[in-house]
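For clarity, chains are labelled A, B, C and D in written order, and residue numbers in each chain start from 1.
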Amino acid sequence: MPVDVEARVIANTRLSQDYNVIALAAPDIASASAPGQFVMVKLGRGLVPLLRRPFSVFEVLRADGRITGLTLLSKRVGVTTDMLFEAVEGDVVSCLGPLGRPFQLIDPPAEAWMVAGGVGLAPFATLTEALLDRGVAVTLMYGARSDRELFYLDWFEARGVRVMLATEDGTAGDRGRVILPLERELRATAAERDIMIYACGPEPMLEAVANMAAQYNRPSQVSVERVMGCGLGGCYSCVIPVRDDRGGQRYVRSCIGGPVFAGADIVWNP
Amino acid sequence: MPVDVEARVIANTRLSQDYNVIALAAPDIASASAPGQFVMVKLGRGLVPLLRRPFSVFEVLRADGRITGLTLLSKRVGVTTDMLFEAVEGDVVSCLGPLGRPFQLIDPPAEAWMVAGGVGLAPFATLTEALLDRGVAVTLMYGARSDRELFYLDWFEARGVRVMLATEDGTAGDRGRVILPLERELRATAAERDIMIYACGPEPMLEAVANMAAQYNRPSQVSVERVMGCGLGGCYSCVIPVRDDRGGQRYVRSCIGGPVFAGADIVWNP
Amino acid sequence: MTDLSVQIGSLTLANPVIAASGCFGYGIEYADVVDLSLLGGVAVKGLFLAERQGHAPERIVETPAGMLNAIGLQGVGVHRFIKEQLPELRRRRAVVIVNICGSTLDEYVELARILSDTEGVAALELNISCPNIKEGGITFGCSLAGTFDVVSAVRKVTRLPVIPKLTPNVTDVASFARASEDAGADAVSLVNTFLAMAIDVETRRPSLSNIVGGLSGPAIRPIAVRMVYECRNAVKIPVIGMGGIASARDALEFMIAGATAVQVGTANFVDPFIWTKLLEGIRAYLTRHQMPRVSDLTGTLDTSTRD
Amino acid sequence: MTDLSVQIGSLTLANPVIAASGCFGYGIEYADVVDLSLLGGVAVKGLFLAERQGHAPERIVETPAGMLNAIGLQGVGVHRFIKEQLPELRRRRAVVIVNICGSTLDEYVELARILSDTEGVAALELNISCPNIKEGGITFGCSLAGTFDVVSAVRKVTRLPVIPKLTPNVTDVASFARASEDAGADAVSLVNTFLAMAIDVETRRPSLSNIVGGLSGPAIRPIAVRMVYECRNAVKIPVIGMGGIASARDALEFMIAGATAVQVGTANFVDPFIWTKLLEGIRAYLTRHQMPRVSDLTGTLDTSTRD
């Protein structure tokens, strides 16, 4: 059951010219949320921008053993993300959530490979924690334009996550897309090992990951990013074509039917 | 020639729950402005609120002999005045001005009586300075709902302005409208003394002042407040009916034909 | 005690606040965040006889104080609705207004027949105004004869309140309200969205896959209020007003202009908890203005010349 | 070098950015803040033959991302305009487009005659779309025959470019563009404002003394863009687009949709220095997209289906 919280900004850390991590005092949402779920946010009560915008829950904040809030990892692309970048401590962000279907967790001996493109890193911090809690071995394959856009590597490494990088300019890891380390690892991994591939990033990347997973007979879960008007199933804006039982396809609302889908279910070129 | 300045907020002082004085780094406008002129302000580049709003130049700020900015005396009545009330140092206010026809100044031995209702006090600080510079004796008759809404009395008194008050609840000066001290003074003043009555405040007050001035054969200048779309004569929204030469009336744009008019020229009940 | 009830034909609504069609799913999507029985009514997403896929994404884009949509009436069709959603709506004690769309007159009639035979439907809203589909719908809504024909045909087969939903994309919306009244409508609702478009100037492509879409939200409110005012002066049947309502003030504006009830669409996307705020705001206003009944507010606009 | 010039009938404008009628006074009010000769054109405030008082205040009210106006065409009349404002406009080298309004067909013809005999008028914009006056104007603009008649009558008496300004308050604006073209118009301009209203709920009075007014500003832009797109597809004569333009991006959106030139109204109230920003933004876009001529942009909307 989602709640709407007028969340105070606790901190706002700029990671680069475009990326920031904003901490919001929304403990109720943070407590209730599962990895892969998202919130719909709005800054101010104004009419421009009018609609809320979806953001993955990045971290769940704790102090003295209690949950105190959550963070969002945001990349500037327009009006709301600009406002998130500029927000200062004490500002209020209206935050509705948690929303959507979370990632399905796995249990050992299955291993988790998380494939992140750019700001698609966002859902993987909470996913990492949940998987580690269950004793699952976690790998992060993380691609960006350059090493200046790779964030939180320490965070993942400190938790024992195996990290592989790819940058388009070759400044860290493979030169090229994150699909490169993924393919190499898939090729090198024995079929008996049980792997779940989780992916979040731009849709062409998700498509490539899902196809490659299928090629190697691996299951995948991808978190898609569609333009969302409401986040609650009310508007039918956020649909994505999904294979139906009878060999056809139908549009599924990614806000309630997703944002996480089995990679194999999505019709990438409808 | 008006200029548009992205003026930084230097300070913002709350005088009450509704009134504030906001200091803006707009030296060019401050230097060019004459008493009674106004600026059109807008907070943010947003589309809501869309239009600028008119505010009298309240004070011209000086430091080390140079003009550094101006202040506005603002009363909260809606969206822009709310934003002016909440603004903090460093915020930016888009400020277009100076605009409009200023008060006509007088010379001694003529005396100036300024009649202010509520936030209508705004144009009288700069007017006082200009008149005192010329050696004119200045009286301020100032009405408000209660003594908690009378501001800057020290400022005027420190400059030797004779101050008379009226409050609706009787907490300071006359109980009732500011027209009471005005009438008493008019009655008590010899016809030979040369008096110019300046007035700014709600329109019913201006009407009463203009009528009473006429009754006592005194000239008056009133600064009217009409809803203004542009402040430059472009939209014809701000009109007020003014007597024309042929005994009729015509609508004059108060942004360029005013906001200061001879009280006798205005048709109060068209 | 403030009486918030209003009358739409034979139907009494507990209050004048209705969820607008297409902006509230089938209602059940919102059952977790709002007690559906507290709403005056729930106008469910537009239903055809058959299931529909709707348009390809992008289906919405934000515009100044508004949004465009071209959903294309994706929907489960009337049969699945009756089986899958309606029972849950009834369990939640929602007052269900079914918004129906047809490609042909017969389809409207068929839909009306089916729904009249179904328990738990409170009223039929005839969507003859969706700007997002080529066939049917709006072709009736943009012609006086078409409007008259659809409404009278549906009227003949149902005793449910019939509420044609009018398009604002016409020269004289009041004449469509009159045609509806003449054809036996119990009320009219308006406005549906304004046909509009947005372009991504960098790619020089339309922002929506359907090229054009419908504009809704606060941006359109002043036009919608004017249209409600015109209809109220043209017909005796109740007018249900909508278009950009985002606060109690806005709802009151429509009622003062002539609406008996109001619908809220886009604002629900922004704030799904808006419903209690609207009801509280309306109640507070009535108390402040010492009006015991909300229905006394309808059409109270004072147009006498000012002094 | 980027070529910003555009062609409206026989008239070549140095650039496609025109000040919209009624939003720029008679132009001379702005001579201090903007070099009038830098604008593509200045459409002056709507003129009748005679002087007019206009409506009582309140004449404007702000709405979400827009504004309503009911000025009622206060104006000096054509004779005083020619004597008092036109010489100054000529001295400032403004390209003067005179927006004319009549209560009768004969009045339009008379105005066109007078202005055709006057040096320094570049074009006539026929205001048959003002929603704020009862007599004339919009009664022509809301009827196809009326539109055709006014345009052909004016066409007969002038060699100046004739630009009927269309109202958006109709079902099918493209048919009005066609009627204008058939009657010999050199271009059409659109949109005028949308008939709309706002109510002060506390007093239950209309916010405007005239009750209804015209909605302008960014709120209406998506509807206006759609209408320009429709007209562009319906006629061969140039379309001059407007409605809510507040940035170079918005101007480009209209041109991509099909406008040969654009007008800017409400945004000038917000930022009277907008003109150079618009021209710079358009120039930067053309450079970035390697388009040497702004006229190559008109109607370049790519509606091919997406992959």
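Note that a residue touches a chain if its C-beta (ideal position, glycine included) is under 8 Å from a C-beta of that chain, and two chains touch if they have at least 3 such contacts.
Just so we're clear, the structure is a prediction, and the values are computed from it rather than from any experiment.
Hopping across touching chains, the smallest step count from subunit A to subunit B is 1.
Any chain touching subunit A that also touches subunit D appears here: B, C. Set against the Cα centre of subunit C, the chain with the most distant centre is B. Subunit A and subunit C have Cα centroids separated by 36 Å. Separation between the centroids of subunit B and subunit C, computed from CA atoms only, is 48 Å. Taking each chain's centre as the mean of its C-alpha atoms, subunit C lies 33 Å from subunit D.
Shared interface positions of subunit A, defined as residues touching 2 or more other chains, are 47-48. Listed for subunit C are residues 56, 64-66, 217-218, each touching two or more other chains. Contact topology of the protein chains: fully connected, every pair of chains touching.
Residue ranges on subunit A touching subunit C, taken from their complex, read 1-2, 4, 42, 47-52, 96, 226-227, 229-230, 232-240, 250-251, 256, 270.
By the touch rule above, subunit A contacts subunit D in their complex via residues 47-48, 269. The residues of subunit D lying in touch with subunit B in their complex are 22-25, 29-30, 32-33, 45, 53-54, 56-62, 64-67, 69, 71, 74, 217-218, 246, 266, 268-273. Those residues of subunit C lying in contact with subunit B across their complex are 64-65, 307. Put simply, subunit C touches subunit D in their complex at residues 56, 63-66, 68, 142, 169-171, 194-199, 201, 203-206, 209, 211-212, 215, 217-223, 225-226, 229, 244, 249, 252-253, 256-257, 285, 300-303, 305-306.
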